[in-house]
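The structures come next, written out as structure tokens.
Each of the two complexes below includes chain A, the first together with chain B, the second together with chain C.
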Partner chain A sequence: MFKFVLKRIASAVGVVLALTVVLFILQKASNTNPVHAILGPNASAAAVKAETIKLGLNRPLLAQLFSYIGNLLQFNLGTSYRTRRPVSTDLAQYLPATVELALVALLIAVGLGLILGYISIKNGIPAKIFRGVLLVGASTPSYLISFAGLVLLYSHFHVLPATGEAGATQPFQGGFVIFDNLVNGNISGVWDGIVHVTLPALSIALVPAISIGRVFRSSLEATLRSDFVRTARSKGLSDQAVFLRHAIRNSIGPGLTMTGLQLGLMFAGVAVVEDIFAWPGIGYYTTESIPVSDFPAIAGVTLVLGVGYVFINALVDIAQSLADPRVKL
Partner chain B sequence: MQFSTKQSSVVTRDDWNSVTERATTSSSVAKVEDYHVTFTRSGSPVHALRGVNLEVGESEIVALVGESGSGKSVLGLSMLGLLEKTSNTSVTGKVFLQDRDIALASAAEIRRLRREYLGAIFQDPMTSLNPTMRIGKQLGEVTGSKSESVELLQSVGIPEPERRMSAFPFELSGGLRQRVMIAMALAGRPKLIVADEPTTALDVTVQAQILDLIKMSRERFGTSFVLITHDLGVAAMVADRVVVMYGGEVVESGTTKDVLNSAKHPYTRALLASRVTLSGDRHRRIATMSGEAVDSRISVPGCAFEPRCPAAMEICNSTKPHLCQVEDLHDVSCLRYGSQVDDLRLSNGIDSTQMQIRSFTDGGELREGAAVQEIDSSASDAVGKREIMITANDVMVTFKVGSGGSRAMLRALRGASLQVGTGEAVAVVGESGSGKSTLLRAIAGLNTPSSGQIELRAGSKVQMVFQDSGASLTPWMTVEQLLDERLVATGVRDKHERQERILAASDSVGLYRQMLSAKAYQLSGGQRQRAALARSVVVPPEILLCDEPTSALDVSLAAVVLNLISNLRKSLGMTLIFVTHDLAVARVVADRIAVMYLGQFVEVGSTDQVLSDPTHPYTKALLSAVPDSGSTPILLNGDPASPLSVPSGCSFHPRCPSVVGSCSSTEQYLTISPASRGHLVACGVALGGQ
Partner chain C sequence: MAVTEVYLRGQQAKLPGQLRIRSQMFKKVRGNTIMAALPLIVTALVLLAPLLAPHSPYTVAGPAFTPPGHGGFLLGSDSVGRDELSRVLYGMRASWLSALAVIASGLVVGVTIGTVAAVAGGWVDSLLMRFTDLFLSLPGPVLAIAVVAALGPSLLHTLIGVAIVWWPFYARIVRGEIRSLSARPHLEAAKMSGIGVMRRTLRHLLPGTFPALVVTASLDIGNLVLTLAGLSFLGLGSPAPSPELGAMSARNLTFLLQDYWTAVMPGIGILILALVGNISGDGLRGLMKDR
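Right, the complex of A and B next:
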């Protein structure tokens, strides 16, 4: 276990370094100048030059890269060009909302995936419909689902709100709404948070849920055909006991692997979906930063997501080893 | 249903005989009547069972014997009520359990029968136990109490049963896993246990233990067994009665003695003749059946065996035989026997009792028409006279397995030395984990020894033939492309020459030329093994390495492939190393036998020396465990030890029946037996030196 943790920390460091290098190359390739964005189109040439020197953008790219990594080693993500605040301060403000959204989306994706997988192995009309949903759903992008959800549940039926993390009665935007209210015992606040998170979380979760469902379904089918399920039947166990005690635990592995793989897709979905629903998270922060080429902000967000990806995949591996004793960490 | 091992009285052999006699007259435990099962596969019907009648008496062991496609497993599943009832399956006839027709029973009723009346043991204990559930919990599902589970584990001979309760199946050896399966089947003291190939996945010494356990369970608890097996030898070791199946029908049924000693049906005789055994002339070709196994998609008006039957008469392809009693308790379904034959004898003048089926070899199996050559008697002489082809000198191969805290060294070969002469055939015999396949791969250059040397005569080419021939053929290539690829790789440029050599190779292995344009999945098991062989010899190698090429094949097919390998070796003058777990197979292919245990040779000698004068205790046990060997198996303690934790001294000492004090500390090396030249044994005790 200790070795496993050590390995994952090492891989997180590797991911951060690789991402930093890629970001620097992309920044160079995009050929945008943040100074113009910061000072506005009417800034004088002298002012531009002064600002460029101040930001260190006149130095060679490699020197910039090394000083960035040097700062990174001291957990210093730099200062945002746009907000003029340390990126870490910005992230502290925007990250919790995203974590909340992502966690809820992850729960929905796994839960819905398992349910979809289970229902689709059944015989009969409902199962056929679900199989159809799985096929169609797998090829639908998340923004389409967002818009469909908005049109249906907000505009048409008025059951869910369209924007924000909480209603106007809430004193704050950003942060953990559901979690904080839960800690404070504010039940109506929790409910408000849940109502607000449902639509964006569903938008992010639906596509991964369908992928997870498809994988879970095929491993469930294979398990139900396996020799040990035949043994369980030969013991005289009921179908339900065979399913619950013998089939599920042995089928869950591929679903978990798929969950890990889908995370990247879900992070990508967060940026788009937060924009659509005006969710005050890092996706929103990023879409604000991109037009002004706010490199420290973009880099900070990317690195945080990279580390998050490594972290959650480590959790997936731990879950695998809990489900199957043959898997050693 | 509570039971305890202390209460159950031990039934003596004499009591036992009276029980079996009663069984034939008293009420039956299970009864199958005119049972048909037809599956629909991609539109066409597959006749899995065509009118089977079977009765299992109280505490009787009935062996269902047949090759793949005979319907024996479908019958077994039906008796457990486990045959999936889908729209693609049509079932007629009756299966009675506890005098009740299970076709009429509710699902809940069948589950109750399975819980209280039935037990099941399946072939592969690795896949038949839930891999993520502890043994104790899996047993608990059928026993109800923990103490009962522990008692059961104890009664099937599992050491430290308390500790094993919390083990997962993958933490147990194959033999222990199968014992757990048997414990589960015995829970609740069922009246009938269906065991489907319970020992096929196990080593021979473990097979002997498990068969012994099945016999013991019957004597202790009075349980009846239906033992499904492809091996008449296994049936002979435990069964009271043998039922032979072919093409979904019972073709012969009788007491084990009658069926084995005076088989009547031509199929049973052919099956017996094509068995590779330890008796008979080993230099002769093994008798083989002509043709392919019955295609159960075709509904035949006459006898299903007629196309392959050497004793077929004109009327056989139009008249269906049925089971008739030919002797007391001995039924045969053949038009040449019973009341059916009486009429025939009158009309045809054939005396069935005089009929003898001498040979099954003239079915035109090998079209190259090469006469069977007797193995040159000098072949079995010492290596010294020959030019050396392969020298393995103190070869060690060690693998690192596992990761993190569970990292371990797997010592597959621990100093194996062997010399093989040019044109010689050596069989390397051992159980799983003995390192025999590792040695073969090391000779082929697929494993690098961590120390020691392997030298091949300069310029000699090596080819390998694997166990699963289907998987070793690239699925999207035709046989011709596979052969051509090999020729191109060796630099044969001329297209005509390649074509010629492809045809010659396919002829030499008896592969029909039409099959050259087929892909692996379009071929039957036998054709695939021929194609794999053709690929190995299309560029004739000096050395042919075979890794259990027959262990996954049906008995009749294994005989064909063994003949083929022997013929090819002689006609192409190849040096052969043949890895097998089966001494009977080794006997027919090899000039010399080298017995391996845990990565070292324990006995090496000419085939006659090793088999007629086995000297190492392990060789003796291995030989006695071959089913149908006539001798009582020497039951070894426990399972083959793991190459992950090799015992000290002589690595065989923890299982050795003739162990002495010094064995655990003194390593043993191959030493020339004083009794005969060229016979090497690694046991000081057996050689009388200690």
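Right, the complex of A and C next:
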């Protein structure tokens, strides 16, 4: 077991190292010259030369690569061309809001996914309709779901707010709104945060929920056909008890793996939804950085998300082998 | 006589049941075939977009913000008075052909790497598969965004960025299929009758990977259409006037609450394309299962 954990973590570290090399190569392949991006187009030749030496761009590529990795290990992600601040400072400001949004979305996605999977294994007309809804849902772009939510719940029925992480009564934008208010015991603040997060989180959660639901459904079908379920049923347990006590725990594994994998795909959705709802997170930071080719900012975002993704998937694998010792990688 | 009668009666009694099963099977296969053929119809339709579109997607054809169904605009007109239907049709063409292009490039790279790995075996296999696993364990869309940010936003660069992350799964499938095929008797026979590696690979192994690849690739079309639309929404695609569905929705977001169709119709275009991809994938999977 210990060996397995060690091996899994070592491979995760290897992947992250490879990611940094990929980012370094991309930076070199980029047609934006960092010196000109920092100094502007009208800098004198002497200033350009001085900045080139300061950034170490005159050194051999391999030396540059090592100092790049060395800087990353000290959380030095370079300076953003757009905000002129260290990328790590920018990320520290924008990351919490995204983490909060993603966690709520993930919670909704897993809950909804399990419900969808459970309902869609039943037979009959309702299940058929339900499968049709799943198919359409899996084909809907996340922004269209946001649009529907905005038109219906904000514009038409006035039940949810359209933008931001918290209402105007909250002085601070960015950071963990729900969590902070919960710690401070500010119930109306918590409610405000929940009201604001509902629509964006729902827009992000729907597509992953459907993928999770599909995987859960097929593993549930396999489990329900197995011998121990037949035994459980023949000893007189009700469908409910068989499902809750025997089937769900044995078929939730693939659903969990899918959840980890969906995290990576979710980010494109997160960025789009943050853009629509003016959510002060790193998706918003990314969309601001793309048009001006602010590569250090994008590289920082890629690195943070890549590291998060790789390690969460490592944790999912470890958790799965803890839950089911037969799982080996 | 009596025997024949019994025999005939037996036949007659059996016949309707048999026919019913036959026709049910036939219906299922026919349904799956129709589902599987949908992408061909969509490809034909998007290629005919210039003939189907009532107006040019670039020129002003009437007053701005005409609601759907008014003034000869089936889907309304946009913020400067261009025909929404024509723009959506051209946008669907761009989305669909982009998705097919990325799938094609992913298949070429994935099949090459997977085949070489499976046929060569040994250290070549482990090296190539390590490389594939590396790409599989990175978050695809994030890496694609980084690639586009480095190269500068444009449709071509977005396609390159997505193509870079869209092959590893195919490589894994091809490698797995070829390795299980290699162990089968007919491959052993081919080997013993002195057929060379090249011919064995091209004539006896690769065709066997075809069913699994076709099903996976067709199920991927929907995902790819959605991913590309998301990236286009974020501003990674072509610049302003070109009719690109994700970008059209993003630019018309400000008009969503007053003139919803300008932002919603392009999204529905994406929905239709992704739905066609998913339905055809399900149909193909059904057909392959029946074989």
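Keep in mind that, in the parts below, the second predicted complex is superposed on the first by the 249 of 329 C-alpha atoms of A that agree within 3 Å, B and C clash if a C-alpha of one lies under 4 Å from a C-alpha of the other, contacts with A are read in each partner's own complex, and residues count from 1 in each chain.
Just so we're on the same page, a contact is a pair of C-beta atoms (placed from the backbone, for glycine too) under 8 Å apart; a residue touches a chain by one contact, two chains touch by 3 or more.
Since the model is a prediction, treat every value here as computed from it, not as a measurement.
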{"item": "First, second, both or neither for A:289, with chain B first and chain C second", "value": "second"}
{"item": "Chain C versus chain B, contacts on chain A by residue", "value": "C"}
{"item": "Which superposed partner A:60 touches (first chain B, second chain C, both, neither)", "value": "neither"}
{"item": "Which superposed partner A:135 touches (first chain B, second chain C, both, neither)", "value": "second"}
{"item": "Chain B versus chain C as contact partner of A:264, first or second or both or neither", "value": "second"}
{"item": "Partner chain in contact with A:124 - chain B first, chain C second, else both or neither", "value": "neither"}
{"item": "Which of chain B and chain C A:275 touches, first, second, both or neither", "value": "second"}
{"item": "Contacts of A:41 with chain B and chain C, given as first, second, both or neither", "value": "neither"}
{"item": "Residues of chain A contacting chain B in one complex and chain C in the other", "value": "none"}
{"item": "Residues of chain B that touch chain A when the two form their complex", "value": "80, 82, 111-116, 118-120, 122, 124, 127-133, 141-142, 168, 170, 181, 184, 402-406"}
{"item": "Residue ranges of chain A in contact with chain B within the complex", "value": "3-4, 226-228, 230-238, 241, 245-246, 249-250, 323-326, 328-329"}
{"item": "For the chain A and chain C complex, residues of the former touching the latter", "value": "12, 15, 18-19, 22-23, 26-27, 29-32, 135-136, 138-144, 147, 150-151, 155, 207, 263-265, 267-269, 271-272, 275-276, 286-287, 289-291, 293-295, 298-299, 301-302, 305-306, 309-310, 313"}
{"item": "For the chain C and chain A complex, residues of the former touching the latter", "value": "134, 137-143, 145-153, 222, 226-227, 229-231, 233-236, 246, 249-250, 253, 256-257, 260, 263-264, 267-268, 270-271, 274-275, 277-279, 282"}
